[in-house]
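What follows is one structure encoded as structure tokens, with my remarks underneath.
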Amino acid sequence: MNVQTLLVLSLLVPAAGAVFIVVLRNRPNLREAASLVAAGVLFGVVFRIHAAVTQGARPSVELAEPFPGIPVALEAEPLGVLFALVASFLWFVTTLYSIGYMRGHEEKNQTRFYVFFAYAIASVMGVAFSANLFTLFLFYEILSLTTFPLVTHAGTEAAKRAGRVYLGILFSTSIVFQLLAIVWTYRIAGTLDFQPGGILTGLSGGMLTVLLALFVFGIGKAAVMPFHRWLPAAMVAPTPVSALLHAVAVVKAGVFAILKIAVYVFGIEVITETGASLWLMWVAAATIILGSLVAFTKDNLKARLAYSTISQLSYVVLGAMLANRWGIIGGGMHIAMHAFGKITLFFCAGAIMVAAHETEVSRLKGLGRTMPVTFCAFFIGTLSIVGLPPAGGSWSKWFLGLGSLEAGQVGLVAVLMLSSLLSLAYLMEIPLKGFFFKAGGRGDPEGIREAPPFSLAAIVTTAAACLFLFVYPEPFFRLMSMVVGP
Amino acid sequence: MTGAVMDVLAWVLLLAGAFFTLTGALGMLRLPDVFTRMHAGSMTDTMGAGLILVGLCFRAGDPLIVVRLGLILLLLCFTSPISSYALAKAALHVGIRPYTRDRAGEGSEGGQPSRP
Amino acid sequence: MAEHFPILQVVVPLLLAPFCFLVRHGKVAWTLAVFGSLSALFISLNLLATVLASGPLSYAVGGWPPPFGIEYRIDAVNAWVLVLVSTVAAMVAPYAQASVEREVEARRIPLFYAAFLLCLAGLLGIAATGDVFNVFVFLEISSLSAYALISLGQDRRALTAAFRYLVMGSIGATFIVIGIGLLYAMTGTLNMADLAERIPEIADTRTVKVAYGFLAVGFFLKLALFPLHLWLPNAYTFAPSAVTAFLAATATKVAVYMLLRFSLTLFGAAFSFDVMRLDRILLLLAVVAIFSMSLVAIFQVNVKRLLAYSSVAQIGYMILGLSFASVTGLTATLLHLFNHALMKGALFMVLGCVAYRIGSVHIDAMAGLGKRMPLTMAAFVAGGLSLVGVPLTVGFISKWYLILGALEKGWWPVAGIVLVTSVMALVYVWRVVESAYFREFPRGDEKVAEAPFVLLAPTWALIFLNVYFGINAGRTIGAAESAARMLMEAVS
Amino acid sequence: MREEVILRVGAKVLTPFIVTFALYVHFHGDYSPGGGFQAGVILAAAFVLLALVYGLDAVQRVLPPWFVQTCAALGVLIFAGVGVVTLALGVNYLEYGILSHDPKHGQHYGILGVEAGVLVTVFGVMVTIFYLFAGRKRSDP
Amino acid sequence: MNLLVDQVVSSYNYWIVIFLMMVGFYILISRGNLIKKLVGLSIFQTSVFMLYISMGRITGGTAPILLDDPGAVYSNPLPHVLILTAIVVGIATTSVGLALVVRIKEAYGTVEEDEIHRIETEKGH
Amino acid sequence: MFTVVAVALLVAMALVMCRALLGPTAYDRVLALNNIGTMTVVLIAVLGFLSGRPDFLDLALVYTLINFIGTIAVLKYFEYGDLGAEAPGEGSTDAADAE
Amino acid sequence: MSRILGLWVILFIGWLLLSGHWESRLLLIFGAGTCTLAVYVAVRMRTLDAESVPFHLAGRALAYIPWLLWQILRSNVRVARMILSPRLSLDPAVVQFRSSQKTDLGRFIYANSITLTPGTVTTGINGDDFEVHAIARSEVDGSEENEMNRRVTVLEGPSS
């Protein structure tokens, strides 16, 4: 099977999975098996692509040509492969987790959930392998649409409101800023193709700054302040959806897009030489700090995690804006590292919700003793997010710090450290409360047990991955090195 | 010779017709109520239109045109009294009372309802 | 027979119209209407193919050579308009049967189809003819039958809406015919090609400028350019669903075509833009229209009215493209002309499906329909996304060229307005979607089923075209671009 | 005995002439274009006059509403049909010359045909509209 | 004398057109009665006939349209046809308008615009 | 001399138009308008001569008819509020309804 | 039948006068058809009777019409003088009287003759009872009205 076919398959496999899920809607076991199989096959497909790409291949395939010269086309390059690897792997894990969670929580419309989850993954593959800005935009928008039913899964008034904010911000920013930026790019460059070294050469710094800002703010999924509100709003969704949003697909698609645009549209050198991104670095830095500070004030566990995500996403944005070797490598790796860390945390939060029906941080005291695995995993996830050994997150933070130094931005290093401290504080509170505080005022401690086995398996997997990536970050590092070149 | 006579005749008829038409129009303005104005109107219809059309006949040349002029005149003479009759009858029907010398003081318009 | 296609394009529906009336039987009349629309489509596609293959066609009515007799002239521009109009008709006609049966009194149904065919003939005639007075005649044929069609709506407000449309439409038509008269007085010809040759010689006379003004105002009225759009919302709201779908997709488009034809082919781009400063007026009106009407649409509760206001805004986009006075802008105009017909046709047809089942298109009445009528509402979502301008739909193509045109000019705020109003479109579309998907169906036990196949099939056919021409826009773009180039370079 | 004697006799005498005149205008229309339209109006006027004087019912018995409506549609058919005949004969639409050996006569026939269509339509429409209005009581004072 | 009239007719025709348009338009917007509106509209449209009639005089085209042979001098029948067509259109418009008014009268019991508006707004509340 | 007549007619029409505008009763207006109609007919005839195109005369004939029928219609509407009504006191010996 | 023929002939004469194209066989055929249609309409409307085709009066009308024209001329002058006199000295009156005609046609002619002569307008007919509005009482006082009545009755002929 040649690699072009694999690229198309990366879209078709999840889509076909969705079809099977619909067909098997009345037999939950088979339905979820179909989902798992699709996820497994997809990971296999992406892994094959990965193998090809690491050997230097750049397979590409054109699906359609809506405009003359602007095709819908896929191309595999290292950054996209990295993202696709993370997403496809986490789809499998999340599906595993969902089986336990959705059943344990007795959610309605489970078929719809699995179907749109599969479609969302298909869109993510489209984003990851997009060969030009138009294709990226296209799948970006499809991703917004396919995740919408997931965000509003509950169907309640609150879900409706959340859906409004979600789609409102994502669509508005993408239409008003991103689309404008894309058309402008086309107007200047005459092409929208991603090319190593970028396509915007010979432009003045001022114009570049504006264009870059249009992209950064236009990609609302990256949740750069002030366009971050959709992410906390989307908390109403079931936990697997939160996992999808925060780790697997949506926000990652956002920061991935920024990274990809920085590298392949602007070109690292162009950004560095023109200094177009200087103030945007500080916007990212501000988001990092503010996100952490807000997270501190949240008692609701998912809300706290949501603001943590906002903060962490801007690490990637920062990496892209640094636009030097270490910044890009750090940013790219942070996509993966944060994904594994954050998904662990969300899984744990969901498990706590399913098992103990608790959502507030202040009410978790003593739970660690009844749910030790979950709380251990949470602890590992925290390490990864904060960037402490022996978790994978420490690598990406390290590289970002190097990048800041290389750019001569000592202030940014300080920001990174401060943020790490803050996140350590607001995240570590949870395992601390769980293990070292006495349970107080809870009605029925006997009824609480560990999370459902499927969920637990997922949690253990991702937590283990966090540790594993500390030991073996090699694959991601190699891919990112290919991105920035020798 | 006959041509000159015809021209003069046409002149006279046309001017006379114009005179009666203008007089009728003046009557339309001067006379005090709808019934008396009808007399002025029928003046235009008969002598006014009639004399002009006959005058035109003398300048026509083509008999076909004379025929048409004659037809117009005939039609006018046929329809004009019918319209007048219908008008008078309708006006009386809705209770408009004719102006008389005795009631002249009531105002020239007779103080009748203005809308049927 | 093929050499007579330019005239048959118009004559076939025109000839079938009285038959509809004469048969006095709804089903038969419908069959005639479908036949008429399909043959019109067949002919128009043939014409388009011919024009693309071998250049413009000229047909002398009465066999008299063009300057004397009436000429029918088909070129790249109006061939597309013909295809557009007849495509929509071919979709609406099959759709009408069930919809009209539900919404129009049985005894008036033959009249309905007669008026429908007349309207179609009129619209096709406007596009096909190369004689300006003929344009007026066909304009009136289409308008008068449109008034009749609108007045057949269930609500009695359809009558007042039709009356208002009649008054405003007639004023517009009168302006147009005065403009035509003045041109005729100046040039002594009514033939478009002739006029295009002669007008430049006398372009600096006051009469020509006055004629231009009359024509422009007339077209503005007919195409419902803000603020002369007042007839449109009620007319679209209260007309029978099939009529709204048909008119929304065709009538204003043909009016835009007239504006393009007169201002660019007859008067020439140079005169229109450099002397008359049409672009400035249009820019102002278009921007205000787009923004204010999108805003108004957001607050509507009757979904038909909502889409009607949206139409006024969307017409603004077409005019905006023209106001760029560039090939790219004009390409955008022509693309949106075609694309908007596809999306609005589809959306109004969706509303027809809804009205068929629940008898109302109030946003509250549509609560919970997402579950009851999934295919119908899915069509709405798809059409709505096209309206917003999401990629892979035709709406995106239009927006793309509009923004490109604006950037070409360096008009950043205009590009911004196009984008912001797209978001506003999202808002008003989304209000309907929310009602359909996030609210409970109000009447629990009442059985509301999916719309019948005969309604859904044409609706989805149009939706399919929305996507097809969104994914495969090369052909439309190519055609629009070459037409735009032709219009811009006609005389200048 | 009869109040309306004047109108009655007047209408009675006038109508045959109006009808004749109407068709005169039509058949001589090709010497001054548009005869069909005027003829249709005049013909309709004859029946309007009758209806005004003798009442709507009397006229509708002779000229039922369905008949005039059919006229309206039929006229359009004739109008467009003449052109189709020329198409069928292998020349351009409305190229009347083909209708006779002598092109001049052909044009004459063609124009008469088209004008006949106009006449019938206009007549039908006018009378229909009159019917629409007659027989509806004015209700506001 | 003839010349004078010709002058008057040819130079003031536009003023007549404009005057009629204004009158018609004024009636159209100032009257609430739908029938009166139609009258206004008719007057408005009449301005077109005036324009074309005066144009016919300028162009001096006179009747027949029989085309003896293509090479012959071709006398222009157009102004006539145009006026007539415009009249037909005007009458057709008025007819459709009147038909609408009749149906409005049936539906609302009035042809006064403000009353119709009142009826609709009352129904709305 | 046609011109003189034409001008006289126009003046007369203007005078009568004043009456039509002044009223005061609707019948005054109808009368005035009917009168203007007659003068228009004559004017058409005169203008036909003036412009050397007497084929206007057919138009004048038509106009006479329309003027007449229009007046009758308006009066009937005023009187009965209905164009189609049979006049009261109608006998049954004339029209088609006489059986 | 004679009425049908008579009407047809009159109409056809009218056609010939209007048409002027006596050489065109086609137009003559059309004319014949037209007249037939007009007669047919009259027959269908049942309006074809002695009143609508007053052939029988033709001869006597030759005597009446000149007299009527003379009366019209005279009364026009009188009314014109009245209108033009600076002091509008009117004495309008409505008078009722009986006419002596025996037929509707006779009354029709009489009433219209009255109206045609300015100064008097017939305002109502009820059988033999006439109601006339006069611009001045003098218009109806004199013998002229009686004269007109007499002449129309003569015109009517001995029997209807």
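First chain written, first letter: the chains are A, B, C, D, E, F and G, and each begins at residue 1.
The rule is short, and it goes like this: a residue touches a chain if its C-beta (ideal position, glycine included) is under 8 Å from a C-beta of that chain, and two chains touch if they have at least 3 such contacts.
A quick note: this is a predicted structure, and the numbers were derived from the prediction, not measured.
> Would you mind naming the chains that touch subunit C and likewise touch subunit E?
Joint contacts, listed by label: D.
> By mean C-alpha position, what chain is farthest away from subunit A?
In terms of C-alpha centroids, the chain at the greatest distance from subunit A is G.
> Between which chains do we find the greatest number of C-beta pairs in contact?
B-F
> So how far apart, in whole Å, are subunit B and subunit C when each is placed at the average of its C-alpha atoms?
Computed value for the inter-centroid distance: 55 Å.
> I'd like to verify one number: the distance from the centre of subunit F to the centre of subunit G, where each centre is the average of its C-alpha atoms, in whole angstrom.
Their C-alpha centroids are separated by 18 Å.
> Averaging only over C-alpha atoms, locate the centres of subunit C and subunit G and give their separation in whole Å.
60
> With chain centres defined as C-alpha means, what is the inter-centre distance between subunit D and subunit G in Å?
29
> Spell out, as numbers or ranges, the residues of subunit D touching 2 or more other chains.
1-3, 6-8, 10, 12-13, 21, 31-32, 50, 54, 58-59, 62, 133, 136
> Could you list the positions in subunit G whose residues touch two or more of the other chains?
In subunit G, the residues touching two or more other chains are 14, 18, 44-45, 47, 49, 111-112, 122, 124.
> Looking at the complex, which residues from subunit C come into contact with subunit E?
64-65, 68, 133, 136-137, 140, 144, 147-148, 151, 156-157, 159-160, 162-163, 166-167, 170-171, 173-174, 177-178, 181-182, 184-185, 188, 190
> Show which residues of subunit D lie in contact with subunit F when the two form their complex.
Listed in rising order, the residues are 1-4, 7-8, 12, 18, 21, 25, 31-32, 38, 41-42, 45, 48-59, 61-62, 130-131, 133-138.
> Considering only the defined contacts, which subunit D positions touch subunit E in the complex?
Residues of subunit D touching subunit E: 30-34, 37, 104, 107-108, 111, 122, 125-126, 129, 132-133, 136, 139-140.
> Can you list the subunit E residues touching subunit C in their complex?
Those in contact with subunit C are residues 17, 25, 28, 34, 37, 41, 44-45, 47-48, 51-52, 55, 58-59, 67, 70, 74, 76, 78, 82, 85-86, 89, 92-93, 96-97, 100-101, 103-104, 107-108, 116, 120.
> Sort out for me which residues of subunit G touch subunit B in the complex.
It is residues 14, 17-18, 20, 72-73, 76, 79-80, 83-84, 88, 90-94, 111-124, 133, 135 of subunit G that touch subunit B.
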